[in-house]
Structures are given as structure tokens and as C-alpha cells.
Amino acid sequence: MTNAPTPSLAAAKQEPGSALGFYGVWLLAAIALIVLPLIFSSGGSLTSFCLIGIAIIFALSYNILLGQTGLLSFGHAVQYGLGGFLAVHVMNAVASHNWPIPLPVIPLVGGIGGMAFALLVGWVMTKRAGTVFAMISLGIGELVASSSLILRSVFGGESGITTDRTSLMPMFGWTFGPQIQVYYLIAFWVLVSAIAMYALTRTPLGRICNAVRDNPERVEFIGYDPHVVRYLAYMFAGFFAGIAGGLTAINFEIANSAYLGATQSGLVLFSAFIGGTAYFFGPILGAILVTYLQLGLTSVTSVWQLYFGVIFIGIVMFAPGGIAGILMKHRPLIRAGTLGTVIPSYLVAAIPTLAFALGIILTIETVARFSGGDVINLLGIPFVATAPTTWAAAAVLVVGGFLVARITWRRVAEAWDRAATVARDRGYLA
Amino acid sequence: MTAAIQVNAVEKSFGNVQIIRDLNLNVAKGERHAIIGPNGAGKSTTFNLISGHIKPTSGEIRLNGEVTSGLRPFEINRRGLSRSFQVTNVFARMTVWENVRCAVLWATGHRYAFWKNVDNLPEVRQRTAQILDDIHLSHRRDVPAGLLTYAEQRELEIGITIAGGASVIMLDEPTAGMSHAETERAVALIRRLTEGRTLVIVEHDMSVVFGLADRISVLVYGHIIASGTPEEIRGNPKVKEAYLGEEVD
Amino acid sequence: MAELIVISTLNGVLFGMLLFLLSSGLTVIFSMMGVLNFAHASFYMLGAFFGYQLTRWIGFWPALVLAPLLVGAVGMAVERYGLRNTHKHGHVAELLLTFGLAFAIEEIVSMIWGKSPVDYRVPAVLDFPAFTIFSTNYPAYKIFMLVVSVVIFIALLVTLKRTRVGLIVQAALTHPSMVGHLGHNVGRVFMLVFGVGSALAGLAGVIAGPSLVTQSDMAALLGPILFVVIVFGGLGSLPGAFIASLLIGLIQTFAVALNGSLASVFGPLDPSLGPSPLTDIWNVTIAQIAPILPYLLLVLVLIFRPMGLLGTRES
Amino acid sequence: MRKLIVAATAALTVLGGAASAQETIKIGYIDPLSGGGASVGEGGLKTFQYLADELNAKGGILGHKVEIVPLDNKTNPQESLVQAQKAVDAGVHYITQGNGSSVGAALEDFVTKHNSRNPGKEVLYFNYAAVDPSMTNEKCSYWHFRWDANSDIKMEALTNYMKGQPSIKKVYLINMDYSFGQSVRTAARKMLGEKRPDIQVVGDELHPMLKVTDFSPYIAKIKASGADTVVTGNWGQDFALLLKAAADAGLKVNWYTYYAGGAGGPTAIKQTGLENQVFQISEGVPNSGNKAAMDFEKDFRAKTGISVWYPRAVNEMRMFKAAAEKANSIDPVKVAAALEGMKFDVFDGGEGFMRKDDHQFFQPIYISSFGSLADKAKEPFDEENTGWGWHIVSKIETDQTMLPTTCNMKRP
């Protein structure tokens, strides 16, 4: 009993493949970022990629709070916006003094701006977690956003402050006028920030953040002050949010008070949560999806925000782990090789679910366009909002889809249980 | 030699209700000290006072001679005291391995470091692995703590408590709710892991108490009515009258 | 000046009472269920729009009764089919559910009633000046609003003191852990409390709609102020919510009535200094910063007295 | 349906890549189509689509069809830039926008930078309603043309009218606390001081924008000040609620406004019964007496269900056509050159011109008041079914609206 055998020491060693896998993933990401604009070379896709890249950094920075440390913030845009403002001011100063500072350094300035604000207010804000933190973050958010309209000399009122990214000294012959150069600048920072934020989760601080999230009380009894942990996490989140803000400033060459507002704070919460806060890559998926929806949905429907709300509610109620949570649920099944037994039931369930979703869409669009008289074009079929046939179709799809979907999802659950049992037997599930 | 724990004339009230009255307790270094008493006597409150979870209304608490009353729990922990909880209190979403590792980090001097890769700290790794071995949870290292069985969670609780290498260990009913066999295993574990350290334990199971403790203090209505070796306590008429007579046959 | 003070006090108390109609429900819901309901102001908005629609169909007085009931029903449905299912995922998930709901309700309302203010008028019976003070008219409808708020306030007090549910609610306010001991009725009590809280918000909407503006952004405008009120007063404290409501109502109204700025007190800054944050702060009037005062208060209170004015617990 | 197809094709082209040959002239309409400003943005969109149809019915511009591409900016400058970029990526060379000076400033900056970085792919920004004076002064751009009179010009015209009204003795200024409101108050103080030094400014209020739900405290202050006239740039709900509170408190003053005619405004005036006490300054009035304009108004109302709120948009589109024909090209660079200094007969009659120095359009400006319409034959148009309508009180000729500019135009 006294001398335990040593197999656990062997188990404590790093799995040999993991380091390779680790670098491999980032290498692949780097290659993808380089190649992406060569495949989708139109100006439109380039614009989208830039926005998505910034959104990824922003959402990941938010997840340092929500996912890693368990802090629900309703004012994360404050750091993002202040980072953007600082970046713009520094860019203007650099340009007017002809300082030898190239543009790619500027996001770092944004990061410092975001971090500086976090440093200033963070100690008081992070005294408490939970609802109190959420409320303070909301209050600080509103306070800063409103104050920005009063402090015109710094924030430039509603029009904001403009800058010219090409007025800084060129680097390697790049002036950063063309969007493609900005894209590579953003891509570089996305990669660096993502690696840095991932690395942060693998540090002692990162691990203790998780502990604070799970059980702040117990953390106090293993030597840590949860307040300090939250404060540090808040500063790091502020830093990376500031980088995102700085990149936005470079991309749009403007910073205005809308950067700081509740809409931005809400969007980043949506992104992180829809993507899934429990996994590092969750917010990345969320940022891509939300930005894409934001760009795409707005040209298709005027009530795009309602779809956001509905998707968000759906995720909260039925998949609180977000997209990443859904995906990762399947990992043990894949490893155990039992995923195949679930897929047929998925396919069966997909049909009524899709019908249900289409019914919801049709209902929403019918109401939205009832007075306008626009025709709804759903899967190429035109529906007239004022026609009873449309209402009937919507009702049939919603009610029928719901009833059938309920049955089919029960079958999915059964199939899932069988597959999970097998997976458990094979040792892939706890 | 200074005592490991010294509690001098501590009082604690919640509103108008006084829970702890004139509490005096001395635990010598290296001693295994059990606190017993009927339900509601204030045993957990005493633990909470000593570990800094709550602050005394008046009086003074010393750890290894240094005044600790008024300090925050993490400050007391850093001075060498670690405690467990009666209700399992682990990091539910983190794996067993991570639970123990988190408890090792401060003591190994890594603190709030954000420039070190936690997987590349050999000392932390070895110590964590050693503790997992000690608490027989090596085979469960990658399981989230929330999914462990009850007995396993109790063992993990002890593992987290001792992981930091504190010189004073306080265990709050470590065997509560365990089967007989599990209890035996846990007692052996505690005995081995607290070798050379000071142990303060609250326990209801008298066989555990009398088998493990060097000294015993009896707490009744927030006041220690007797303190001594197991034999002394057995023979103490006050204890018999107040408590033992009903509880231990 | 005297006229300004009287009018502002009346307006401030009125706004404060409206805030209390909303914050009382929010406080009770939070105390019992641990959920900070982000959609509470949305129920207020629903009340205003239901009131508007029903007034057009069946007249103001039936709408005054019916619309809050409808809103209460919506609230109960939200509790039964939404929150109850989300409970197992924790309070953050519940909070986020109401957050998403607030978002969706705003969109649905603007989809149905449009984004411009709707023409929700004061009923003709009450459309006259109640009294004239120093040649300024005070509308009768505002007096009516004040009366309704006070009546509801008293009814609420009586309900809390005299009825069984009231006693349960009171117990829950002081000892949140007690709620767990309600037994098998807990679900029904929650649903009821949520329904009543929503209905109160709805009632506030019905009576405030004609006087203030009935528009799809009214929830978003009021929502954050509500949180300020209940956090400021102390989470879980009804008297605290009452005092905070009145205080914030009065502060908001009086800040508008005051003209002071640092420049008016200490004289203008030397113009040679040029624009800087200092000149911005120097020249801003109290009226201009009126809308941010509540948030300033919130932040200060949370720093110096995290439990709020009369609160007993921190979160 | 049209809108949907247009939107869908816009979305497709954004994803699909460069636009095809310039068969149609696409005009990117960047204004709020969702969120708080949507009702205003939808009105503008209807106007431009109507005008595009009108042009297309007459053979388009130099044979090219005109197409309006609606782009939703949610009144957010940053989102506007995304949409502008999207439009440019889809091959749009003309963008038009009006709501929000902050958006306008951002777009002006955007076109300037874009055009200097992408020679040969120039984009012109036609501004139909953003009235911040700085856009044609210190921030002016060669690629920006403004058809609306900026707020200083309007104030110049308004004070030129007010100086002839001896009954005005005490003026109260109340404005929304943002750049437009601030330029209104600054200009009002300055110009009133110069033209009528005897007028006392008894109050100068800035209130939070679109956040006040009850204006009665402000009304109490106005009342206490003893003002006989209120000058306000308020619009939307901030105007309607202001009037509502004034009527509740029994405040009897004259109102000089910029945007009383905006959505909800006429209803509010009618409700409060302030007949002929609310004045508006604008570059056009439905009951202008100009036959062509009134025929247009009639047809426009029949087809869109709204009144012509943007005569300047009519000027913009028609002048665009004239400039393209003058240049005999739809190349933005050539159109811009043709527009500079161009004279044009405006919608309600009279001559206006696009000043070369700052690309600000100057035109006759009208002061009108809102009240019941005595002669339905001469003044057939009411507003928002109130039975009341605007009638002209005074016409300020183009030369009475001229203000110097500080613009230092950088020409390519």
C-alpha cells in the first residue's frame, strides 16, 4: 500500500502525438488563412473574411471571461471600442509626427488600450462574479458608451474619429491601402492572438481560471484569490478585445461610439454562446456563423435580428453547449465507431425538422411582409403574404413539422443511447 | 514549541444567535486531533473560523504562532493550512487530474503565471501523479470530477486538500456517507497521507475517531467541554453526561 | 422656480411609481427563482402594445384590465415552457434565455406594429388639465397614472402581508433557501409569481403607453434603468426597490430641470486651452448627463455598498 | 418582390465576384432598413425606386437602366462602411445616403480614400439629407455632392425670415444632443445675434437623443423662461413628444423647426392643435403651386402611399441624369466634373446650382406653416390624413441662402 506502482507516472507524461497535433492544427490554420483569399478572390469575400477574422479574436477574448472564468459580461465592447479609439488616435499621431512605426504594430496599441481600461476598472468590477458582475459590466458599458458622446474631443461625437491607414510608414513595400494587404494583416493577428489565447488556457493562470469558474469558494482554499484570478482574466480579455478593436479601426479607418455600445456587446455574447463556450474553438465557429449571418441575412430579410433571437433562444434551450458542444458530443461515438448507427435516425429527423424550420421562417416572413405586399421567395417557391394558402402552408409546416419532428427526435435519442452504451462499453465515454 | 493551531477565546454570532462561545483549542504540531460533538454543536463553524471561511466576532486564532484570524482563506492556506469540506466541493467540470493539479500549483510556486506551459512543469506533473496514485484515482484521471462516484469524490476531496503540501490538514467528516469498507480504506489513506503533518478532523464515526486521533476535543453548544487523549475523553464524566452516553455504546 | 420644483416633483414621483410597478415584479422573481429577468421591460412594452391594440378594438377601460392579464399569461407561458426547461443548465443559461427573449420580443413587436411610435392616445374622459399651477397645466391622465400606481402599490402590500402566497414570497425574500421547501407546489408558485410580475409590468405599460411613447424600442430604453433600480435598492429587497425607484425617478426628472454645468458655476475656461476632455466636462450641463446618472449611481453603489441600499445579500 | 430579387442578386454578386458589364447603373442606397431608423429609410428607398422607375420609363440615363440597390446600414457608421464596401465590390459606382450625419461623414471619408487608392474604380457619393455643415467645409471631398441645404444654410434662411418678424422677442433653443443639434444651436445663436441683436435667447437646451420619453420637465423650463418662440432641430419621436408635452402643459409659442414634417410630426401637430404655429424650413412644399411638382406629388402619393419628403432626391436623380448627358458618359469621374458648378431648375421651380467650391447645392428655400387647408383646389395635399397641410409662408431665394465655405477642395 505504501509504494504505489508507477504506471500513473507514465500516464502523466505527454502523449507523444499531442505536440505534433498541436503544431499541426496551427500550421493548417496558417496555411488556410494564406490560401483563402487566393481561392475566394472577389472583393466581397475579402471584406467578409476581414470582418470574420476580427470577430474571431473578439469572440475568443470574450470567452476568456465567459467560458474560461465564468464571468458573464454585458459590456465587453467597452474594451474593444476603447482599443479601437486608442489605435485611431495613435495612428493619427504617428502619421502627423512621421514616427517610424509601421501599421502592423497598431493592433498591439489597441490591445494595450483595452488592457489599460481593464486595469483601471477591473479591480472593482471583478470583486464579485455572477449577477453582480453582469450588472456592473452592463452599467459600465452604458456609462462609457454614453460618456463617449459627451467627451467629444476624445471620441469625436457620433461621427467618431477617422484616420488613414496608408499614412503610416509602409512595411516591406506594403502601404496597406488595398484590402488584400489588410486581410493579411488581420490574418496574422488572428493567428497570433488565437495561439496566444489558446496558450493562455494552458498556463497555470488559465487552469486556475477554470477552477474559479467551477468553484470560486474552493479556489480560496488552495491558495488562490479568486478576485485576483478574475482581475487577471479580465485584463487579458480586455487586451485581446482591444486588439480586435484596433484591427477594426485599421479595417474601417474610423472609430466611433457605436463600437462601445450594447449592440457590439450583445453580438459578441451571441457569437461566443452560439459557438459554444465550453471549448476553445467554439467561439471561432460562433464568430464565423454570426458574422456570416449578419452579412448575408440582412440582404435577404429585414427581420434578420429576429432570426438571431430565435436561434439564440433555441441554442440556450436545446443545446446550451453551442455548436461546439453538439460536435464534441459525437467525438466518443466517432472514436468508438458507433456514429454510423446514429446517422440514419438523424437523416430521418432532419426532414420534419427542416419542415418545421421552414414553417417558422414562412410564418415570420408572412407577418413581416403582411402590409408591405412583398412576395416571399422560399426555396424558389413564391408565397404571397396576404394569401390564405400561405397561412395554411405555414401552419401545416409548423404544426406538422413539430409533431413529426418530436417523434423522430425520440428515435434519435434511442439510437443515441444505444450508440453511447456501446461507446461506454468500449471505454470511450465516462 | 508553538502549537500548530491555537484558538483563544473565540466567539461567533450570527445576528443575535451565538454559535461559538469562548472557544479555546490547542493542537500541537504533528498531532492528530479530532473534534467531536453532537449535531449543531458548531464543529463546521469551528472549521470555518480556523480556515478563514468566516471571521470570528471576537477572539484570536493562531496558525504556527502567527495570528490568522481576520485573514482571507487563501492567505491562511498560503501559511500552511488546508481543509476539506463536508459536502463535496471539487471542480466539477474539470478532470480529476486537473483538480489535483490546480491544488498543487500555488505550493509549487507557479501562482498566477501566464508565461509557463502548465503541461511542461515536471515538478507539478510528478506531484500530481503521485497524489493521484495516493488516492487511487490514477485510472480515472481524465474523467470530469462531476462524474465520479460519491466515494471517489470524497477521495478526490482529500487529494485536493493535501496536494498543496500544507503542514496542517483539516478534514471535515471525510468518511461521511461511506460504506464500512470504504471507510476503512479512507482511514488508512488519511493515516498515510497525513504522516508527519498536523491533522484536525471532524468525524461522527467514533471508531474512526478513536482509531485515528492522538487527542480529542469535545464541542458542545459552541464550547469545548473537554480535551485530551482518547482514554481521558472516554473516562471524562462531563463528556459521558453531555454526549458520549447517548451516542456511543 | 417653485413651479419647476412642483412639476418636477410630481413628474419624478410618477416616473418613480412606474419604475416601482416594474421593479417590484423583477425583484420578487429574482428573489424566488434567482433569475434576473432581462425580458421584464419587454413585458412592459407588450403591455403598452396590447393596451393600444385592445383600446382600438374594445376601448381603453376593458383594455386596462385585459392587457395586463394577457401579458401575465405570456409571462406564465415563458416560465412554464422556457425557464423551467432551462433551469437545469444553471442561472446563466436562464439569464441568457431572457436576454434572447427580450431581443426576440422587440423584433416581433416592431414586425407587427412597425418601428414608429403608434398613436396610443389618452382616453377622452381623462384628456383635460387636472389643475393649473402658475399657468402650467398638469394633465389629468398623469394624476390617473399616479392613482393607479399607488392603488397597485397598496394592493401589493396587502397581498404580501395577508395572503398565503404573499407569505411564501416574503419568506423567500428573506430566506431564499426556504423556497426549496415549498414542496410539490414550487412550480406553480413560480409560475404564478412570474405571471403576476409580468402582469404588473404589463399594467405599467398600459397606463404609461398613452402618456409616454409607445414604440418598439421602449423596452430597450427602460430595461437597463430597471436593473439599476433593483441593484441600487438591493437585490431582493422590496422596500429598497421602492426607495430606489422614487429616487431614480426624482433624480432623472430634476437633473433635466437643472441648468448647471461646471462652466456656469466656476465661469468658462480660458478659450486658449482649446478642446480637450476637460472642456467637454466643463461645459456639459446636468441636463445633458441626466440619462447616464443612473448608471453612475449603479457603479458607485456597487463599489461602495455592493448589497445595495437596503439589500442583505451580495448576489 | 423586386426588392427581394434586387437584394438576392446583390447578395449573389457579393459572393460571386466582380460585376458584369455596365448594362445598368447601380445606385447603392445605404440607409437604415432595420432597427430604429427603418421607417425613415424605407421612405427614402421608396422615393429613390420611384425616381429610378421614372428615369427608366424615359429611357434611363444615356440608354442605361437605373437600378437602386438597397443596403441596410442600421444607422451605424461602421455598418455603412461594410455596406459601401459590399456595394463597391458588387460593381456599384454611385452611392446615395441621407440619414445620419455620422454615417455621412464616414461615407465621405470612405469614398475619398477608396478613390485615391483605386484609380479607375471611382465611386461618387450623392448625399440627399445629411446636413452636417462640416461635410462641405473642413471635411469636404471632391467625390461628395450634397443636394440638401446644410443646417447652417437652413438657419441662414430661417433667420433671414425671422429678422422680419417683430413679434419674436424671446427665443428658446431646444435640440438633440448630437452634432446636428449642436450645429443648429450654434448657428441660431450666432445668426440671431447678428441679424436681430434685440432678440433674447432665453434658453439653450440640449437633450439626450431619442432617449427622452417625457418632455414635460423641458416644457416647464420653456414656460418658466417666458419664451414666445422655440427653435428646434428635433425630429422623429423627439419632435412629436416635445409637442405632445407642450400641448399637455398648455404652452403657447411659435415653433420654428427643421423636421416637423417627418413621420409622426404632422399627426402630433394636429393632435396638439397648434394650427399655423409650427413652421418648417425645407427646400420644397407639397402645396407649392408649381404644376409639375404638384402633378409629381399626386402620382407619387398614389403609387407609394407617402408624400414627397425628399424633393432634394428628385433634384439629385434628375441632375445626375443631366450631368451624365452633359458629360456624355456614366463614368463617375466625368459625371463629377460635369456636376461641378452645374445649374439646374429645381423641383418646386426656380434655379439652383451645385457650387464648385464645396459641392453644396444651393436652391430656393421655403418657410411653411402647418394648418387646415382653406382652398382645396390650390392646396390639395394634407399630411398623414390629418386634413391639415403645409402652406408656404415665405420663399427665400437662392441668393439669400448663400454662405461662404472653408472647403479647400482637393481635385484629382
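Read from first to last, the chains carry the letters A, B, C and D; within each, the first residue is number 1.
Rule of thumb we're sticking to: a residue touches a chain if its C-beta (ideal position, glycine included) is under 8 Å from a C-beta of that chain, and two chains touch if they have at least 3 such contacts.
The structure displayed is predicted, hence computed values, not measured ones.
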Chain connectivity with chain A absent, coordinates unchanged: B | C, D
item: Central chain of the complex, centres being mean CA coordinates; value: A
item: Approximate Å spacing (C-alpha centroids) for the pair chain A, chain C; value: 32
item: Euclidean distance of C-alpha centroids - chain A vs chain D, Å; value: 38
item: Gap in Å, rounded to a whole number, between the CA centres of chain C and chain B; value: 48
item: For chain A, residues that touch 2 or more chains besides their own; value: 303, 305
item: Touching two or more other chains - residue numbers and ranges from chain C; value: 288, 291
item: Every chain pair in contact, whichever chains are involved; value: A-B, A-C, A-D, C-D
item: Residue ranges of chain C touching chain D (in the complex, touch as defined); value: 1, 3-4, 7-8, 11, 15, 110, 114-117, 119, 121, 129, 132, 135-139, 211-213, 215, 217-218, 221, 253, 256-257, 259, 285, 287-288, 290-291
item: Touch list for chain A against partner chain C, complex; value: 70, 72, 124, 127-132, 134-136, 138-140, 142-143, 146-147, 150-154, 266, 269, 273, 303, 305-306, 308-310, 312-313, 316-317, 320, 364, 367-368
item: Of all residues in chain D, those that touch chain C in their complex; value: 35-39, 177, 205-208, 210-214, 216-221, 223-224, 237, 240-241, 248-250, 263-264, 267, 271
item: Complex contact set, residues of chain B against chain A; value: 51-52, 72-74, 77-78, 82-83, 85, 89-94, 97-98, 101-103, 105-107, 110-119, 121, 125-126, 128-130, 132-134, 138, 141, 143-144, 147, 160-161, 163-164, 188, 192
item: Interfacial residue positions of chain A with respect to chain B in the complex; value: 1-2, 4-9, 11-14, 199-200, 202-208, 210-211, 213-215, 217-225, 228-229, 232, 236, 278, 430
